[in-house]
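Letters A, B, C, D, E and F mark the chains in the order given here, with residues in each chain numbered from 1 onward.
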Amino acid sequence: MFYHDGGKLQYEVKVDKPDPIFAKQLQQAIGGIQGEIRVALQYMFQAFGARGPSKFRDMLLETGTEELGHIEMLATAVAMNLEGAPLEKDAAADADPMLKAILGGMEPQHILSTCAAAMPVDSDGVPFNCSHVYASGNIAADMLANVMAESTGRILAVRLYHMTNDYGMKDMLKFLIARDTMHQNQWLAAWEEVGGKEAHPIPNSFPQSEENEDVNYTFFTLGKDNTVPVPKGRWSSGKSVDGKGTFTTEPMTPHGKKPDLGYAKPKSGAQSEQIKE
Amino acid sequence: MFYHDGGKLQYEVKVDKPDPIFAKQLQQAIGGIQGEIRVALQYMFQAFGARGPSKFRDMLLETGTEELGHIEMLATAVAMNLEGAPLEKDAAADADPMLKAILGGMEPQHILSTCAAAMPVDSDGVPFNCSHVYASGNIAADMLANVMAESTGRILAVRLYHMTNDYGMKDMLKFLIARDTMHQNQWLAAWEEVGGKEAHPIPNSFPQSEENEDVNYTFFTLGKDNTVPVPKGRWSSGKSVDGKGTFTTEPMTPHGKKPDLGYAKPKSGAQSEQIKE
Amino acid sequence: MFYHDGGKLQYEVKVDKPDPIFAKQLQQAIGGIQGEIRVALQYMFQAFGARGPSKFRDMLLETGTEELGHIEMLATAVAMNLEGAPLEKDAAADADPMLKAILGGMEPQHILSTCAAAMPVDSDGVPFNCSHVYASGNIAADMLANVMAESTGRILAVRLYHMTNDYGMKDMLKFLIARDTMHQNQWLAAWEEVGGKEAHPIPNSFPQSEENEDVNYTFFTLGKDNTVPVPKGRWSSGKSVDGKGTFTTEPMTPHGKKPDLGYAKPKSGAQSEQIKE
Amino acid sequence: MFYHDGGKLQYEVKVDKPDPIFAKQLQQAIGGIQGEIRVALQYMFQAFGARGPSKFRDMLLETGTEELGHIEMLATAVAMNLEGAPLEKDAAADADPMLKAILGGMEPQHILSTCAAAMPVDSDGVPFNCSHVYASGNIAADMLANVMAESTGRILAVRLYHMTNDYGMKDMLKFLIARDTMHQNQWLAAWEEVGGKEAHPIPNSFPQSEENEDVNYTFFTLGKDNTVPVPKGRWSSGKSVDGKGTFTTEPMTPHGKKPDLGYAKPKSGAQSEQIKE
Amino acid sequence: MFYHDGGKLQYEVKVDKPDPIFAKQLQQAIGGIQGEIRVALQYMFQAFGARGPSKFRDMLLETGTEELGHIEMLATAVAMNLEGAPLEKDAAADADPMLKAILGGMEPQHILSTCAAAMPVDSDGVPFNCSHVYASGNIAADMLANVMAESTGRILAVRLYHMTNDYGMKDMLKFLIARDTMHQNQWLAAWEEVGGKEAHPIPNSFPQSEENEDVNYTFFTLGKDNTVPVPKGRWSSGKSVDGKGTFTTEPMTPHGKKPDLGYAKPKSGAQSEQIKE
Amino acid sequence: MFYHDGGKLQYEVKVDKPDPIFAKQLQQAIGGIQGEIRVALQYMFQAFGARGPSKFRDMLLETGTEELGHIEMLATAVAMNLEGAPLEKDAAADADPMLKAILGGMEPQHILSTCAAAMPVDSDGVPFNCSHVYASGNIAADMLANVMAESTGRILAVRLYHMTNDYGMKDMLKFLIARDTMHQNQWLAAWEEVGGKEAHPIPNSFPQSEENEDVNYTFFTLGKDNTVPVPKGRWSSGKSVDGKGTFTTEPMTPHGKKPDLGYAKPKSGAQSEQIKE
C-alpha cells in the first residue's frame, strides 16, 4: 500500500526561462522507454511477483516508490516549461521565423490536448506502452534489466542536461543523474548478491547437461566466405565469463536442410496451385 | 549486405506430433519481447549505428545474422506444428471436449489469417513492436541490453522445453538454449572489454563531479515511517560496485516543496473556475 | 513524493482454489482500459498538471495513491491464482480434456514469460497503453473522465465477481466494487463542485456567442428519407440540460458542397493521370 | 446500412491561406483520442451492441452517422491546408529560416506518404487505435463516456480555433464547436433518461448489499502522516451524490498483510536461489 | 455527408446456434487487418484525399459506405453468437471440460468488457490500428492496395465459412464472400482504367531516366555462393511486365564499402572508449 | 540460414552535407509502413510459411535478403546525416531562428536516445509494428501485397529524392528507386505466374457456386436517393476482370431488417433499465 506527502517534491523543480521545445524533449524522460513510468512500474511489478528471498521484493518496492516521485518531478518540469507557450495565433506569429520554429518544434498536444501540462508519452508523442515493463520473475534477469534501464536512463538525463542551459533544469537533472548512478550500482549489487556473472547462464535452474553442449560456448561467424574478417575479442577464446566453459570460434554451417512444408490443405485458404489433389 | 543459403536451416527442425497449442506458445520466441525478431534487429541496429572500435560493430553483425536464422527455424517449427490443425467444423468437433479445447486454445489467426504458418506476433497474438529494439549507441549500455535479452530469451526457451514432450521440438530447443548460453557469455565478455562494472555509471563520459554528489551512492528508503523494515544487502553499505563511492542508506525526505502551477491561462481550454481574471 | 508500507496490502488477498483461467481474466482489472494502472496514472497526471483551486490537485493525489495499492492487490491475486498452473507437459496432460482446456485457456505468458506472476496487460495479453491516461487539464472534463473510468471499472469488477466462486476472490472484489462506488460518487461530487451539468458546454471559458448558434442545440437526424423513424427523448425537445438553450430536432442537410481538391502537383508522388500539365 | 450524399459536405470547408503546420494540428481532430474517428466508431459500436430500450440504439446511430461527416470535413480541411506545401528542396529553402521552420514543423508524412492529404493519425502522427472506442454495453456508462468524449472534443476544437486566424477555418470550427455543445447536452440528456446521478453506482443491476459496505462511501486519505493536509470538498462529508449513502473521510490503513508468494517452482524459469528444494 | 437506414441490415444476420468461440473468430473480420473497419476507413480516406479524375473519388465513396454496413452486420453477428455465453461460474462449470473449453476459448472481454457485444478488435483481442488504412494519394497504388485488402478479406471470409456449421452464419458469409469477389474485380478494373500493369513502375510521374538504369530490371540473387540454386521464373528473363525493360538475373555483389562512422562526439552520450580526444 | 559480407554496403552511401531534418524524413524508409523493415520481414515470413511450388519460396528468400541490405544502407544514411547535429545548447542557439528550426524539426530521439543513429521507427517516431508484415499464405494475395508495398515504397523514395539536394543522397535514392521498379515488376510477374487477374477471386480454391451469386458482380451504389450521380467506369458494366462474370450496377437496398438484440441478461453488467425481469 502506498502513501504520499501532499505533493511535496523529492527535489526542487525550478524553471528560470520556460522553453516549450525542451518540454517536448523532457517527455522522453517521462514516457520514453528509458523513462520514469517504465522504471516505476517495472520495479513494482517485479516486487509484486517476487518469489524467493524477500529482501529483493523489499528493495524493489523502495526504489519503485522513489521513481513515482520522479514522474511527479518531471511532469512538473514539463508544465513549468510550457508557461508562456503560444496559445493563440496572430499576424505577428505568422511572420516571425523564431515563433514559427517554436510552434513547429513543440509537442502539438501540449497546446491542443492538455492545457499546457505533461503527458505519459515520449518526445515523439508516442504513448508509453507497458510491454516495456520487464518483469521475468527470474531475479538475476530482472536485476540486469534494471541495470540496463538505469544505464539508458542516465544517458538520457545526461543528454537532456546538455540540451538546456536553464539553471533550474540543470540542477534538477544533476539530481536525477546522481540517482541513476546509485541505481545502476544498486542493481549491479543485487545481481552480484545472486551470483553475478557466475550465475549465468540464466536461468541457472536448468541443467546445462540438457542443452546442446556442442554449441554452448562457440562464437559462430557468418561471413559469407573466407574474405570476411573474423572479429576477435574476449568472446572468441579463453575461459567463458560464467566460468563454465571455453570460448571457441567457428564458422557456422547449416546443421539442418531446407525445409519442405509440402502442399497446402484444400480448405486452408491457399490458391489451388498450392494444393495437391 | 546479406546472403542466404537457399533456405537451409541452421539446425534441424522436426516435429513428431504436431501440436497447434504449442505452435501458439512458440510464437513468443518469434515475436515476443524476448524473441528472435527482437534480437536480430537489435544487434543489427546496434551494428549499423556503431561508433568507436570497429570490432564491436563486426561482432554485432555476426550475431545479428545468426538470429535471422533462428527466426527461420522457429517459423518453420510453427508451420510444422500446425499440420493437421482443424480447418473445418463438423458436428463431431462440436461434441468433443478435446477438439473444443484445441480449437479454443489455438492462435485463431493460425487458421484464419495465414494458411497455417507463423506470424511476427507473440503468444497472445500481439504484433512485435520495434520500440523493443534497444540501441542506445552507448556500447556498454547496449552490451548489457543484450545480456538481458538473452537471459530472458533462455528463460523462455527453457519454459518452452518443459511445455513439450515432442522429441524433435526438444532437440531444437536444446540447440537454442545452448546458443543463449553462449550469447549471454558473449555480451558479458563484450561488456567486460569496455570495463564491465568499473565502467559504470554509464555513460562514463559524463563527469561525476557534475552530478549531485550528495545522493549518488545513497540507498533511499521510502517506508512511510519507522515501522517499515529497511531491506539490507550489498547495496546498503560498503564500497559501491563501480568502485567510485560508498553506499549509504537513508530515509528519503522531500527536498522540494509542493509545486504550484497557479491559474490556467484564459485561452488554454481550461474551465473558467481555473482561470483568474 | 510517495511512500509505501513495506508491501502491506490495502485489503486481504486470499485464494482458496487457484484458477489460472481466472488469473487471465483478472489481468483486465490490472492492464485493461478499465483497469487500475489506468486510473492510478490518470489521477496522478491530472494532479501533476492541475491548475486552479488546489483542492482538486490534492484530492486527485489521494485517490491516485490509493489506486497504486489496488494494482498491488490485483497483481498479488494473479500470482496466487497461478499457484499450481501446469509448468510441464507429460503424456497425461495430453490426454485429459480438462487439462487441455486449462492450458489452452490460460494466458500463455503467465507460464512462458513471468514465472507465474502478473503482467501490465489486459485479459487478451495486450499491454496497457498510456494513451488511455486521460488528463485534459480541464477540471470538469477530467472529473467526468474519472466518473466514466470508475463506472466501467465497477462493471468489470462485478463481472469478475460473477466469474469466480472462490471465497477469497469474491471478498477482495466486494472491497474493490465498494471502492468503485465511492469513487463514482467522489468524481460526481467534484464535477458538481465545478458546476455539474450547468458548467457545460465544456470548456465554459469559451464564449458561446462565438460558436455557430444555429446548430448548437439541434438534434440532427440522418435517416436517408422520411421512412426512417426519428428517435425521441429528453434530447429532442425542451430546455437543454446545460440550461442555456432549447433542444430542437431537424433532419440534417448538407451545408457545404462536394469538395474538389483539383489535380495533384507534379512532384507529389501521384500518377501522371492525376496531374494536369 | 449506410448511405452518402455524393460527397457533399455537412458544412462548408474553405481555407483562405493554406498552412501546413495547422494541417498537422488538425490531425488531432481526426485521429486523436478526442477526434472524430473515435466518436464515429464509438457511437456505432454502442448502437450495434445495444440491448434494452431501442431509442438509445436509434439515437446513437444518428449521431454516429453525423460524426462520419465530420471526419470527411476535417480530412478535406487538412488536404486544403497542404496546398502549396513544400514538395521540393532547393538552395533557397535551405537558407530561409521561415521555410526551414515550416518544413520542420509539418507532419513529414503529409509530404512523404499521402501526396498532401489527411491520415487517420493524431497531431504527433500516432495512428488512431480502436481501443479508444468505449462501448461497455451498459447504457449509463456509455452515455457518460460520450459526454466526456464530446467535452474533450470541444476543448480541442476551441484550441484549434485559437491557433488559426484563417477565416474559413474559424468558420468551420465554429460549426464543430457548436455541434460539440449539442452533443454534450444530448448525452447528458440520455444519461438523465436512465436516471442520471441517482442511477449510480453503475452498474445499478448489482445489489449494493453485496459490496463491502464498510468502505463504499468513505473518502480515504493516504497522506503519510498527520502533517499532510486533508482535502475537503463535496466528496468528504454529507449525503453521497447517488443519494444512497453518506460520505465520510478516513485515513486509509492496511487491511491486509504483506503477501508472501513463497518460493518459486523448480521448473518455472526462476533462478535456483528462488527455489527451495 | 452520410445517412443511415434506421439500422436495417444490408443482409440478414441470423444465428441458429450461438457459439461464443465463433464470436471470437468473427472479430477478425471486424477489427483484423483484413477486416471491415480497415476497408471502410481505407476507401473513405482515399476518397477524401483524392485528386485527379473525380470518378475514382465517387466510386471509393460508394464502396466505403457499403463497408460501413458490413461492420454493422458483423457486429450484430458477434452479439448474436454471444447469446447464452457463460456469465456466471458455478460448481458445475468447474467440472465440465466442455464448459471449461468454451470459457477458455472465448474472447474474455466479450464477457468482461462489453455485456456480450462486439469490439473493434481482431480475433486475438488486439485493437484495430489505423496505420493499416493505406491511402497513398497515388491512385494506382491505392487501387492495388484495395485489391489486396479484398483478397485477404475473401480468404478470411472463406476460412470463417469453413469454421462454422451454422446455417445463418454460412448464409451471411456467402453474401460477404460474394461482395469480396465483386470488390476484387472492381479495384482491378479501376487499376486497369489507370493503365494496369503498363502503368508501372508506380509512380509513373517520375522519369525512369532518373533512376539507376543499371539495376532497374535485374533480379538479384543473394545465395552465399555457387552452391545455392537460382530460382527461375517469369521474373528472371524476358520482357518486363511493365513493358519497359528486360529482366536479367545476376548475383548481387556489394557496390559500396564497409561504412565507418568514426568516433562518437564527446557529449553524445557514448562511452569514453567510443570517443577520440 | 543467413550470412553477411562484413558490413560492406550493397550500394555506396555518401552524404555531402549532413542534414538532421532529412535524417528524420529518411526514417520513413526504414520504419514506415512502406519501409525496408516491412518488406524484409514480409518476404521472409512469406518464404518461411510457403507451401506449394518451391520456386516462390526461393524467390521470396532472395529478395527478403536483399531488403536486409537496404535497411543497412538507410540506417547508415541516417547516421551520416546526423553528423554535426546540435548536441548542446548555448546562448547562440537560442537566438538563431535557423538553429531553432533545425532543433525543432529534428527527430528528438536522434539526439536523446541513440547517440546520433537510426531507429526502427517512421518519420514521426512511431515504432514499426509487425502487424504490417502481410503474409497470408495464399501466394496470389501475397504477390499482390508485395506489388503494393513496392509501389508505395517507390513513391516514398521518389518523394525523398525531391526533398534533398545532396548529391550522395540523390545517388543512393536513384539506386533504391530502381530496385523498387524491378521489385514491382518481379511481384507482378510472380502474380502472373499464378494466373494474374484470371486467378481472381482469391482464393480460387473456394468454389464460386457457394458464394451468393446474386451479388458477386454487382457494383452497388449507396447514394441516398436519385439526386446522387452514379460513378461509371470499367467496373460498372461489361465482362468482369476475372472473366467469370458480368458487371452490373444497382442501388443497394437493405436485404435484412433492423436487428433486435432484445434485453440484456441479469448479470451481464448492464443497467437495470436494459434488463427485463
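Worth a mention:
The rule is short, and it goes like this: a contact is a pair of C-beta atoms (placed from the backbone, for glycine too) under 8 Å apart; a residue touches a chain by one contact, two chains touch by 3 or more.
These figures come from a predicted structure and were not determined experimentally.
Its interface matching that of A-D in over half of the contact pairs by residue number, C-E stands out among B-F, C-E or D-E. Averaging C-alpha coordinates per chain and comparing to chain D, the farthest chain turns out to be B.
Once the centre of each chain is set as its mean CA position, chain B and chain E turn out to be 28 Å apart. For this pair, chain A with chain C, the centres built from the Cα atoms lie 26 Å apart. Across the assembly, chain E contributes residues 1-10, 34, 49, 51, 58, 62, 65-66, 69, 76, 79, 87-88, 97-98, 100-101, 104-105, 111, 113, 115-117, 121, 124-127, 129, 131, 136-138, 140, 152, 155-156, 158-159, 162, 202-203, 222-224, 229, 252, 254, 261, 264, 267-270 that each touch 2 or more other chains.
Taken chain by chain, the contacts link every pair, so each chain touches all the others. Residues of chain D touching chain E in their complex: 1-10, 31, 37, 41, 44-45, 47-49, 51, 57-58, 61-62, 65-66, 68-69, 71-72, 75-76, 79, 113-121, 127-131, 133, 135-138. Interface residues of chain B, counted against chain A in their complex, comprise 3, 5-13, 33-34, 55, 58-59, 62-63, 65-66, 69, 73, 76, 79-80, 87-88, 115-117, 126, 129, 131-132, 134, 136, 138, 140-141, 144-145, 147-148, 151-152, 154-155, 158, 161, 174-175, 177-182, 184-186, 188-190, 192-193, 197, 200-203, 206, 208, 210-224, 229, 231-235, 240-242, 245, 247, 252, 254-259, 261, 264-265, 267-270. On chain B, the positions that touch chain E within their shared complex are 1-6, 49-54, 87-91, 94, 97-98, 100-101, 103-105, 107-109, 111-113, 115, 121, 124-127, 136-140, 194-195, 199, 202-205.
For chain E in complex with chain A, the residues that touch the partner chain are 155-156, 158-159, 162, 224-225, 267-269.
Looking at the complex, you find that chain F touches chain D at residues 21, 24-25, 28, 32, 34, 97-98, 100-102, 104-106, 122-126, 152, 155-156, 159-160, 162-165, 222-224, 227-229, 252, 254, 260-264, 266-275.
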